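As C-alpha cells, here come the structures.
You will see subunit A twice below: alongside subunit B first, and alongside subunit C after that.
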Partner chain A sequence: MDQKTIRDELRGWILERSGATPDRLERDDQPILDEGLLTSLDVVEFILFIESIRKEEVDIEAIEPEVFNSIDALVEAFFAKAPAPMESALG
Partner chain B sequence: MSPASSDAATPSVSLRTGFLRSYDRDPSAIAVEVAGESISYGDLHTAAARLATTLDALDVRAADEDPETRPPLTAVFGQRSRGVVEGILGALFRGDGYVPLNPTFPIERTRGMLERSGCRAVVLDEHGEKQIVEVAESIATPLLLVLPHRDDVEELAAALPRHRVIGAGALDNAGVHAGEWRPEPVDPDAIAYLLFTSGSTGQPKGVGVAHRNVNAFLTSMAERYSITPQDRLSQTFELTFDLSVFDLFLAWECGARVCIPTQAQKMLPGKYVNESGITVWFSVPSTAVLMSKLRMLKPDAYPTIRWSLFCGEALPIELIESFAAAAPNSTVENLYGPTELTIACTLYRWDPERSPTESELGLVPIGDPYPGMEAIVVDEDLQAVEPGETGELLMTGTQMTPGYWRDAEKTAAAFVVPPGEQRVFYRTGDRVRRPEGKAPMTYLGRVDNQIKIQGYRVELGEVEALFRDIADVDVAIAVGWPVTSAGADSIVVFVSDANTDLGALQREGKARLPGYMAPREVRHVDTFPLNSNGKVDRKALLAMLDGEG
Partner chain C sequence: MTTALELAPRLTNASLKKVWTVDETFDWSEKIEVGTDWAMAPELISIYGTETYEALTEEEQKRLSFYEIVNFFSFVLYGERPLISGLMTRMYRKNTQGPLTEYLHHFVDEENKHMMMFNGFCEHYAGKVYPEKKIVLPREYAAGEEDISFFCKVLIVEELGDYYNLAMMSDRRIHPLVAKMNRVHHVDEARHLAFGRELLREHASDYIDGWTDEELARFRGWLVDYLISSWGDFYNPAVYKDAGLPNGYQIRKMALEHDTCRTFRENASAKLVDYFIEARLLEERPSF
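== the complex of A and B ==
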C-alpha cells in the first residue's frame, strides 16, 4: 500500500468514526485531536485499524502521543517505510 | 495572611477559598501543569484577579436587571489549557459561579447551554475561540466575550457586532486595578458551578452546585486523602464532567498541583502518568479499560501513584485487580455519586482479600456514605426496604444540591420527601442492595432508562427524542450496546420507518450529539417487539444485536 492510499484510508476512518463531513479534514497537516475528529475514546480501535493496514503490531510504549496530532504525523510514525505514490503516466 | 486573600483565613466558605489559602502559603508553588507549562499559584492569582476586575469593570449586566434572569454566572469555553483554568478562577474571584462549555460538543448543544445558563460573560481559550462565531452569532442577548490569549480581536469583533469582544490589551487596561483585588464575601448558597447532564426529554438538565455543597465534599476529601503540596493529581476528566472539580479544587485546597494532559497525552494515559509523576490517579473505569487494552496495565507500571481512585460508572473486579497490580504502592478506592449529590457521596476501599467476597455481579461495592450524607434504600412507593433487600438509593445531606436549574417540575420529581421522613432526599435512580450488618452497599444497575457510556451519564430518552425529531417518526428506541459490566460501549438506535435514509440519520445524530452519545449504528425494524406491558421490549432488541454478535 503506498502512502497516498494509506492517507486516504486514515482520513476515511477518522471521518466515518467522527461523523464529520469531508470538508472538516481536507489537509493532512490539520490538527485532528484539537478539532475533536479523534478522541481518546477512539484510540484502541484506531490503533487496531493502523495495525490492520500496516500488518504489524504497534509498540505502544515506543510511540509518543503527538503521533496522533495529524495525518502527516501518523504516516511519519507508523508508515514511514511505505512507498511514495506512483507518479501518474499521464503526469 | 496576605491582605489580598482575606477570605482564606476562614474555613472554606466558597470554592475559591482553598486556592487562596494555598496562594497565601506559597505563591511560588506550582498549581497547574498543562501543555508543557508549569503555572504557579501566584501567576494564576494575578491572571484571575485581572479577569475578575475586568469582568466587573465591563459588566454587561445592567444594575437594574433581575438577578433571577441574569444570574451571577460566567461561562468558560475551552479545554485543557491555561486559559480555561484562569477563566474558572477569574469567575470565582469575581464571586460568580462558572459554567464550563466544551468545544468537543456540537455547536447547537453548546449554544443551548450558554443561553439556558443566562451567562452574560464568556471567557474563551483558543479552542473555544474557533467555535464562538457559530455559537454566539444567533444569540440575541449581548455577551461580553473575553479572549485573554489574543491581542488582536478586530476580526472576531466584526463578525459578532452584537457582542462585545475584548482581548489581552483591553484586559490589561480594564484590569489595571487587579493588584488591588480583594475577595467580596460569597453566599454559601450561591452556585459555584453549573453543569448540564443528559435529560430524558431531549433537553440537558442544568445542575447548579452551591458553594456549601462542594465545600462539604472537599473538606471530606482533603481529610481522607491527606494531600500534600508534593502531590500531583491527574485531570482525566473534561470540565463538563463534575469529577473534574475533584482534581482541580482538591489539589488547590491542599497546595498541590493538578496535571492536565492535552488531548494527545490523553491518548496514551499510562505514559502521561509516568512522565508527570502522578501520585493521585482519578478516572472513570473506562479509562482503565483503555489502558488495559493498550497493554498499559503491566505489574508495577506506575510506582508513583499512592491513591488510585475510580468513579463515574460501575467498577468491575478484574479491572481493579489489574490496576492495583499496576500501581502497587497505591490504595484503591471506588467512589460513587451523581452530579446532584456533588461529585461523589459514597466510597469503598478495595481490599484484595475481603473485597471479592463483598462484591456482587462482579462489581466492586460502592460502600458507605460520606460524612454529612445519609442513604436510604426504598421500594417503588418510596418505603424503606429491609436490610439485604434491593431498591432505589435515595440520599440526603450536606452535598445535596438545590435542584435543577430553573426547572421546578424536574426538581420536584427527583428531590422528594419519602413517607415518614421530614427531609428532602434525592432519588438517584440507581438500584442497590441495602447493607446487612457491616456489609457495604452494592450497586446493581439503573432503575430507569439511563446508562453509562465511558463514564458519561446518558439518558436514552434524550437520544430517542432527537431521533424521533430528525427521523420524523413516532418511535425511536436507543439501547446501550455492547453491554459491559460498567454500562455500555456505545448506542444503537432503532427506527421503524423503512423509507428513512439511515446513513443520513446517523450523520445527523453525530452532528448533534456529543461523541459518547452519538449512535454507532442506526437500524430499521419492521415492527418493534413488545413486552407483556405493551412497551417496546428493549431486551429483545439487545438479544437481536447479541445474536448477530
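== the complex of A and C ==
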C-alpha cells in the first residue's frame, strides 16, 4: 500500500468514526485531536485499524499522543517505510 | 442503606480473614493442553454463536478458548493497573481518612495480587501478556467528575470481569486451574464491588446535581462510549491471529456488529447499566 492510499484510508476512517464533514480534514496537516475528531476511546480502535493496514503491531509504549495530531504525523510515525505513490507505480 | 464508611470496617475484617498469596494458591506447573482443554467456557468466547465460530472444529474452538482466556486475563490485569494507581492517590485525603483508607490498603493489596496471578498464568502458559492499546488524552472535568469517572471505570472493569468469573468459576468443562483463578478473583471482587458501588453512589449524589445540563450530558456520553469501548477489549485481533484465524481485524469488526454478540454484551452489561441508571449516571440503556 503506497502513502497516498494510506492517507486516504486514515482520512476515511477518522471521518467515518467522527461523523465530521470532509472539509474538517481536507489537508494532511490539519489537527485531529485539537479539532476533537478523535477521543482517547477512539484512539484504541484507531490503533487496531492502523495495525490492520500496517500488517504489524503498534508498540504503544514507543509512541507519544502527538503522533495522532495530523495525518502527516501518523504517516511519519507508523508508515515511514511505505513507498511514495511514484515509487509504488514504478514497482 | 449502608454507607461506604459503615461498610469499610466490615470489608477490612473480611479481607483479613481471607488473606492469600499467589505462590501458595497457584501451581503453574499444572499442564494445560492447548486445543484439547477448554480454557474458557465456549459461550463466553467472543465470537460464539457466529458463523465464523460454528465453522471451526472443536479443536480449533478449544485453541481459541485458550487465547481468549489469556486475553481476558491480560486486559483485566491492565485494567487493574490504573485502578491501583487511582486508589493510592485517593488514600489519606480528608474525605477518605480512617476506615476508608484502611480498607483501600486491602483493596490495593488484593488488586496487586490479582495482577500477579494473571501475569503468572499468561507468562507461564502463553509466554506473554497481550499488550493494551490505550492512550490517555487530557480531558476537562466538572467538579467531582474526575473521581466519578475513575470509580465508573473501576466498576466497569470489575463488573464485566465478574460476569465472566461467575460464569467460569464452577464450570466443570474448563481447566480446573482457570476455574480456580476465576473463583479466587470473584471472592475478592465481591467486596471491591460492594465498596465501589456505594462509594460511587455517594460521589454521584454529592456532585451531579451541581453540574449543568451540558456537563451532565457530556459525562453521560463519555460513560456510554467508555462502556462500549471496554467491550472492545474482548475482541482482540491478535487473539484470532494466534488461534490461527485469518483477518483478525475483520473478525473483530464482524463480531462487534453481529446481533448474537451484541445481545450477549447487552445481557452481560444489564446489571451494571441498571446500577448506572439508578445512580443517575446514565439516563437510559445504551445501544451495544
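Criterion: the second predicted complex is superposed on the first by the 86 of 91 C-alpha atoms of A that agree within 3 Å, B and C clash if a C-alpha of one lies under 4 Å from a C-alpha of the other, contacts with A are read in each partner's own complex, and residues count from 1 in each chain.
Criterion: contacts are C-beta pairs under 8 Å (C-beta built on N, C-alpha and C of every residue); 3 or more make two chains touch, one makes a residue touch a chain.
These numbers come from a predicted model, not from an experiment.
Participant: Touching A:A80, do we find subunit B (first), subunit C (second), both, or neither?
Facilitator: In the superposition, A:A80 contacts neither subunit B nor subunit C.
Participant: Name the contact category of A:V43: first (subunit B only), second (subunit C only), both, or neither.
Facilitator: A:V43: touches subunit B and subunit C.
Participant: Could you look at A:L33 and tell me whether it touches subunit B, subunit C, both or neither (first, second, both, neither)?
Facilitator: both
Participant: Counting only touches as set out at the top, which of subunit B and subunit C does A:A62 meet: first, second, both, neither?
Facilitator: neither
Participant: Would you sort A:G19 into first (subunit B), second (subunit C), both or neither based on which partner it touches?
Facilitator: In the superposed model, A:G19 contacts subunit B only, not subunit C.
Participant: Could you give the residue numbers on subunit A that contact subunit B in one complex and subunit C in the other?
Facilitator: Touching subunit B and subunit C on subunit A: residues 33, 39-41, 43-44, 47, 60-61, 63, 65, 68.
Participant: What does subunit B use to touch subunit A in their complex?
Facilitator: 103-104, 127, 130, 262-269, 271-272, 287, 290, 293-296, 454, 506-507, 509-511, 515-516, 518
Participant: Under the definition above, what is the set of subunit A residues touching subunit B in their complex?
Facilitator: 18-21, 33-36, 39-41, 43-44, 47, 60-61, 63-66, 68-69
Participant: Across the complex, what residues on subunit A touch subunit C?
Facilitator: It is residues 33, 39-41, 43-45, 47-49, 51-52, 57-61, 63, 65, 68 of subunit A that touch subunit C.
Participant: Can you check the complex and tell me which residues of subunit C touch subunit A?
Facilitator: Subunit C residues touching subunit A: 131-137, 139, 225-226, 229, 232, 237-238, 248-250, 252.
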